[in-house]
Amino acid sequence: MKLNDWLNSEIPTISQSLEEIHREHFSIDKTIGFEGQESIYSLIKDFRSALFPCLCDKYSNVETRINISIGNKLRTSAINLKELIEKVLINDSSIHEDEAKEKADLIVIDLIKKLPEIRRVIQTDIRAAYNGDPATTSLEEILLSYPSIQSITIHRIAHELYKAGVPIIPRIMSEYAHRLTGIDIHPGASIGEYFFIDHGTGVVIGETCTIGRNVKIYQGVTLGAKSFPLDEHGNPIKGIKRHPNIEDNVVIYSGATILGGDTTIGQNSVIGGNIWLTQSVPANSRVYQTQPSPNIKNGQL
Amino acid sequence: MKLNDWLNSEIPTISQSLEEIHREHFSIDKTIGFEGQESIYSLIKDFRSALFPCLCDKYSNVETRINISIGNKLRTSAINLKELIEKVLINDSSIHEDEAKEKADLIVIDLIKKLPEIRRVIQTDIRAAYNGDPATTSLEEILLSYPSIQSITIHRIAHELYKAGVPIIPRIMSEYAHRLTGIDIHPGASIGEYFFIDHGTGVVIGETCTIGRNVKIYQGVTLGAKSFPLDEHGNPIKGIKRHPNIEDNVVIYSGATILGGDTTIGQNSVIGGNIWLTQSVPANSRVYQTQPSPNIKNGQL
Amino acid sequence: MKLNDWLNSEIPTISQSLEEIHREHFSIDKTIGFEGQESIYSLIKDFRSALFPCLCDKYSNVETRINISIGNKLRTSAINLKELIEKVLINDSSIHEDEAKEKADLIVIDLIKKLPEIRRVIQTDIRAAYNGDPATTSLEEILLSYPSIQSITIHRIAHELYKAGVPIIPRIMSEYAHRLTGIDIHPGASIGEYFFIDHGTGVVIGETCTIGRNVKIYQGVTLGAKSFPLDEHGNPIKGIKRHPNIEDNVVIYSGATILGGDTTIGQNSVIGGNIWLTQSVPANSRVYQTQPSPNIKNGQL
Amino acid sequence: MKLNDWLNSEIPTISQSLEEIHREHFSIDKTIGFEGQESIYSLIKDFRSALFPCLCDKYSNVETRINISIGNKLRTSAINLKELIEKVLINDSSIHEDEAKEKADLIVIDLIKKLPEIRRVIQTDIRAAYNGDPATTSLEEILLSYPSIQSITIHRIAHELYKAGVPIIPRIMSEYAHRLTGIDIHPGASIGEYFFIDHGTGVVIGETCTIGRNVKIYQGVTLGAKSFPLDEHGNPIKGIKRHPNIEDNVVIYSGATILGGDTTIGQNSVIGGNIWLTQSVPANSRVYQTQPSPNIKNGQL
Amino acid sequence: MKLNDWLNSEIPTISQSLEEIHREHFSIDKTIGFEGQESIYSLIKDFRSALFPCLCDKYSNVETRINISIGNKLRTSAINLKELIEKVLINDSSIHEDEAKEKADLIVIDLIKKLPEIRRVIQTDIRAAYNGDPATTSLEEILLSYPSIQSITIHRIAHELYKAGVPIIPRIMSEYAHRLTGIDIHPGASIGEYFFIDHGTGVVIGETCTIGRNVKIYQGVTLGAKSFPLDEHGNPIKGIKRHPNIEDNVVIYSGATILGGDTTIGQNSVIGGNIWLTQSVPANSRVYQTQPSPNIKNGQL
Amino acid sequence: MKLNDWLNSEIPTISQSLEEIHREHFSIDKTIGFEGQESIYSLIKDFRSALFPCLCDKYSNVETRINISIGNKLRTSAINLKELIEKVLINDSSIHEDEAKEKADLIVIDLIKKLPEIRRVIQTDIRAAYNGDPATTSLEEILLSYPSIQSITIHRIAHELYKAGVPIIPRIMSEYAHRLTGIDIHPGASIGEYFFIDHGTGVVIGETCTIGRNVKIYQGVTLGAKSFPLDEHGNPIKGIKRHPNIEDNVVIYSGATILGGDTTIGQNSVIGGNIWLTQSVPANSRVYQTQPSPNIKNGQL
């Protein structure tokens, strides 16, 4: 009974105090909150179902259903997304509410319009996985079991919203992809067609990266920033180009670290495993390390 | 009203076009789809509950329930798995439908039969974790909080299906484990008893690896392929032994990379952290790097 | 019909045998089981909602609801947590049942009491993320999309339970955080205010680490143990200080490995990427490696 | 353990035998089954939401949503209904499968087309309830708490399908209404505008009834059949007009029973409580019973 | 494809038209809607759990939980109810919004305060069922399987809200009880302690009924209105006393109909089955009908 | 804020007081509670699915599934039912716990054994409905839309448990049927094969009724008790034969009331609508009332 009595007498004060601390830093009614976060995860699933429809369910003999089902998912997603965008636009910037609504409409229309093109590009990514991994046996296997496809699908949607100036939502999307795959691509990164990440865990691709066509990356690769300048208050200066450029047809093996906004990997280059690069390399380079030969001590340990 | 009107007028065309792009590359009715993917995740959970039964729920005073509960989960899983296997067999290969059904039956029966043996082996993995980590305090803690056990449990099931020639499904299983743990073990890898991966994030174990008994691996270890040969069309040649062999009683510390199908780590060897190895080492080796002593600059930065 | 007949005749025996193997090693009725695991995941979500309340749902115009909602979540969480703690205390140790119940009450009361202070500290962590990442644009974005905040929130709760001597539960919490973020912090680690982990995948922070105030860590950093001593039965000796100390105002870049219980990184130091450190460095150090310049081979590959 | 053993050994036989008995009388794969039953209940709810849309949920500030929401519900309902109709048409009659599909399409299109008209008529029913019950205070109260509206809404939809020759489904709909309200209206009954049933429990309205405009009925009224003729095998002859006609502006008080296919209640008539009628009455009749005065025995019982 | 094309082209117009018809008669954003209806059903369940708590669930060994559980349900119900009341007050009457909020607070506080007294009275109803039905064997059986208790519990709550002037909500509650039990008690009816309805289907108790202590009613009984006066527009005049008074210790057998606002059944009376009464009877009456002896025709039919 | 403050300060006391009132009359931990009630509703659904299996779901091409599915439902139902029976036996009677468990086992085994026979009998009920209602067109329509079948199916199961002496549970089952159909059959009633109730709302069949083969009943029929004797404390004497016997081949039309334990309706008789009978009638009787001819007043009302 002790715990019960204590809860009855103390919970009101503790609740009050938790609410107050939170309110000091956050406006609790001008946020999309964890509920918005969950909505965005749902949106992603709906977009995925619309992009990769299947007749695998019980109504598989009904052609009509596929088309209706895609349409319904798009409609619902569009409305939900519009509302979330409206909300973050109003909260985040100095935009007028009416303008925010109008802008939200346009952003959503624009995204939905681009979906067929996004789908076309993802097909090149699927093809890249198929051609890039000897372990795979079918396109379907790639669609259903490759983290690369999950990650790049979410990225290509989030990137459109990022370009349209939507705050917060693209990052929630990219963090969702990060959670599912261990691949952390900032929605600001610009990535060309026919892109493949093998295994993927630990990959980090920074906000101002540009990546060309037909690039292949392995697990643990970082495309990051060098140290960044602070402003007079000691805060990092935002909006500077901080991450590298990867040109077409580049392969980057596992564990490589490439840093800096001025660093460009020229086309057709190959970057070896565990390479640490903070400077550009020209096209057609092959960058490798004579790995220091390890000491091997034979005999009874 | 603008968005609504636009959606009403444009969604049919966009849905149509998404469907068409997808159909060009995938047969939308000969797939297990995302729904099949979810079924496989459920299967995994059912197998887990059957392998590690507990009386922790509200009916904890009823002995009968445990046995019935295990049995029901096995029955349901068996039927669901059989149907999924049937479907992927028919879609994937040139097998006749009747033959596919018969084969699916046999594969499932074989897997269920092996479960007690699989469970026995996993118990050695649990024991390996207990003995291998000074931070743990009980077997139960390991079962409920070690990613290694989650990963190896799924692997040992997926590996059986892989050996039986089931397409796609084993990979969906292994990617599910990857998502949950950050440990990416291809279902083709052959792994001995008493296996333990500590922390685990970023571990990659390739399709044609063989790993002996009593092997311990830390986070970030890659057991991967060197570059792989292409066929005349520039596609990777599939089915070649590409990944290393790890013999009994080997320890591999965090971040080590071991590559190549001819690379064998002899029994009782220890591979140090961050080691890069593309050649075999004999039994009883201790492989380490004199880590380059870092430059330490004291003083006011 | 074949599979059905086989299941009908063989499942009872296989169920029986799975149950027996499990019972040999686990007491199936003295465990919190996978159900307890799920309860703990729910607890974490409830605590999160109480710590970061929002009026974002449909009743957003009702002030009362926030306070009631926080209170209800705390009450329910408190009761559920108390029961789980009771159970693991009784199972795990030689404590008497009545004592276990009393202890569980006190532990829960203590945790709930500390929540406002925990919340205050997490606010410093949110601020650290804001100041430490030029890519972010608002505190809300951090709360909703940074794995660092998710990880440290769970850690700060799990750590309290760890200090109170609760078995298993803190580890289930930390492994939940690991699964969501790829960041593996043992609940035993002691971490100061204003803590930030960027990206985070692959970070490992060991049980006996101590980390000061204003420390920043990047992805893939390990704060681990060197090899550990075995007792006369070959089992690791538990309870020894095995992991490093990180003093105030230290930055550790991606992929760095710092090992050993005697290793101390002095305050205001910076540890560079991929550094391997098994010895202490004094305050104000800057530890870096002249990264071996890679071989760059230009020209047609 | 006894129950468990018994179940393990006997369930296969009992299952087998249950399956066999069922198969003797039903074709287990040519049915919509209990699952179809549930789908129909859902359809009803979707139609209801489309007919009576509200902005009461959390997105209440978004005009667009209402329209989209109505549309999505109609689309989904249409597809689901079409499939169910297809199935019952194929199973039930000698129709060719292709023809069944085509017919199902037409029936659904026809129903959806009629919805606005159905909605208009239901509004007259709502108005009839408002004018007919002194206890009500608003149209909204009627919509949300009058069984009459629930019953007549379902009936007006089911009746359209009945007229189109759809088997089984209209009856499942009407039985759903019966379950919810205690009002049992056969989908074959033809009912005019501005219809109101007060309280309603126990009302029965038979298949071949015709009911005019502005009719009001109280609880426990039966509009039923007299005895019905049997064919030479002793089975009831189906398809005969068996139930009464109720003309415009008639009121029928509680517990009245009106039987027979030739029985017509002329317009503007009032039928008193508990009246038993098996013959027609002309227009403008007032039919009542001098209720036999009850024996009242005063005094100490 | 036909249905799909048709839906794509026609649904927008039909949705539009359904929305418009609805808007003509209802304000779609000033309603609690079907969602509010569902919330009220949930409220009822929560109140029921708070009034009849049980330790029957899995945590049955934790005393604390009962108390917390009751409290949480009351808190949540209170808040939800307050919001619904606020909404219907604002919509329904000419009350100012602030006043509505204040009034809603007071109404809810008042209801919660009365719950212990309501519970006490329901216990007398349970006792009345136990004493009134020879078929029952325990109080628990009555609580879990008697429609009378379900109906009167909901009524006693709805009646408080009715008295407090809350529109719509009490009627939604009473209609919920009607749906579950077939017993239709208007929330306006005033009912004394120790009340029992046996079987219950078809019972109707009108808005202005008053029922004394220790009254027992059987299935199919109507306590209704005679015809009611219309105003100059032909609408029923609302707010008149229209239904009978039943004094203490009265029994009314099945199918009896008692009508009229001036009709009083004196205390200790017994009304026989199928009696039709539109006038008062004094105390201690026994009202019965010499049931007309039926014609019994023996012999071969 | 007012409501919140009030709730915080008063809820603990009110909760306490609700708990205390309840505990005075009920033992809160020796009950199956509302949760048990819900379990029983689920059991009924599972039994229904086992008795009327269908291949209507998505796996309709898999013969094996039907058999497995029936078996799984029976197994789960058996275990759940056994636990509920155990609980009510222990609570309700003076039986020893071990004996209760053993008895529960036997009761469940007995019920499951009888299911094929129960199913066979229900098929005669389905046939009776088909032959007895000219409005029906197929057996499937009857199975999916006739309340009679739902009611009698539940009754035939509940009756077995009643005969086995299980307290409370059979009544919860019968009240569930009552809720769904408006037909209230006490589980004690004994009912022969080939039984049909048309429409059904308001039918009451008492505990000690016996009903022969091929009986047909219409809505609103009561087979009830006359007044019942009280013991010296004024409580009804339980366990006496109080309800009528209906012999084979009897038809009872709507609204008839037949009362008393000595009342027997001889075989092949027909009882007309609204008949009130408290005495036996011989075989082959036709009981009817010259319905008093109603007064019909023509002309302008």
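For reference, chains read A, B, C, D, E and F in written order, and residue numbers begin at 1 within each chain.
To be clear about the criterion, a residue touches a chain if its C-beta (ideal position, glycine included) is under 8 Å from a C-beta of that chain, and two chains touch if they have at least 3 such contacts.
Just so we're clear, the structure is a prediction, and the values are computed from it rather than from any experiment.
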Most distant chain from subunit D by Cα centroid: C
Pair joined by more contacting C-beta pairs (C-E or B-C): B-C
Far-end chain from subunit F, centres as C-alpha averages: A
Separation of mean Cα positions, subunit F and subunit D [Å, integer]: 24
Subunit B-subunit E separation of Cα centroids, rounded to whole Å: 58
Multi-chain contact residues (two or more partners), subunit B: 3, 7-8, 11-12, 57, 64, 67-68, 71, 75, 79, 82, 182, 201-202, 220, 255, 274, 292
Complex interface listing, subunit D residues touching subunit B: 1, 3-4, 7-8, 63-64, 67-68, 71
Touch list for subunit B against partner subunit C, complex: 48-57, 60, 66-67, 70-71, 74-75, 78-79, 82, 102, 105, 108-109, 112-113, 115-116, 119-120, 123, 126, 131-135, 137-141, 143-147, 180-182, 199, 201-202, 219-220, 254-255, 273-274, 291-292, 294-301
Residues of subunit F that touch subunit B when the two form their complex: 59, 62, 64-65, 68, 71-72, 75-76, 79, 82-83
Residue numbers on subunit F that touch subunit E, as the complex places them: 2-3, 6-7, 10-12, 14-19, 21-22, 24-26, 28-29, 31-37, 91-92, 167-168, 171-172, 174-175, 178-179, 182, 184, 186, 188, 201-202, 204, 206-207, 220, 222, 224-225, 228, 234-240, 242, 255, 257, 268, 270, 272, 274-278, 281-282, 284-290, 292
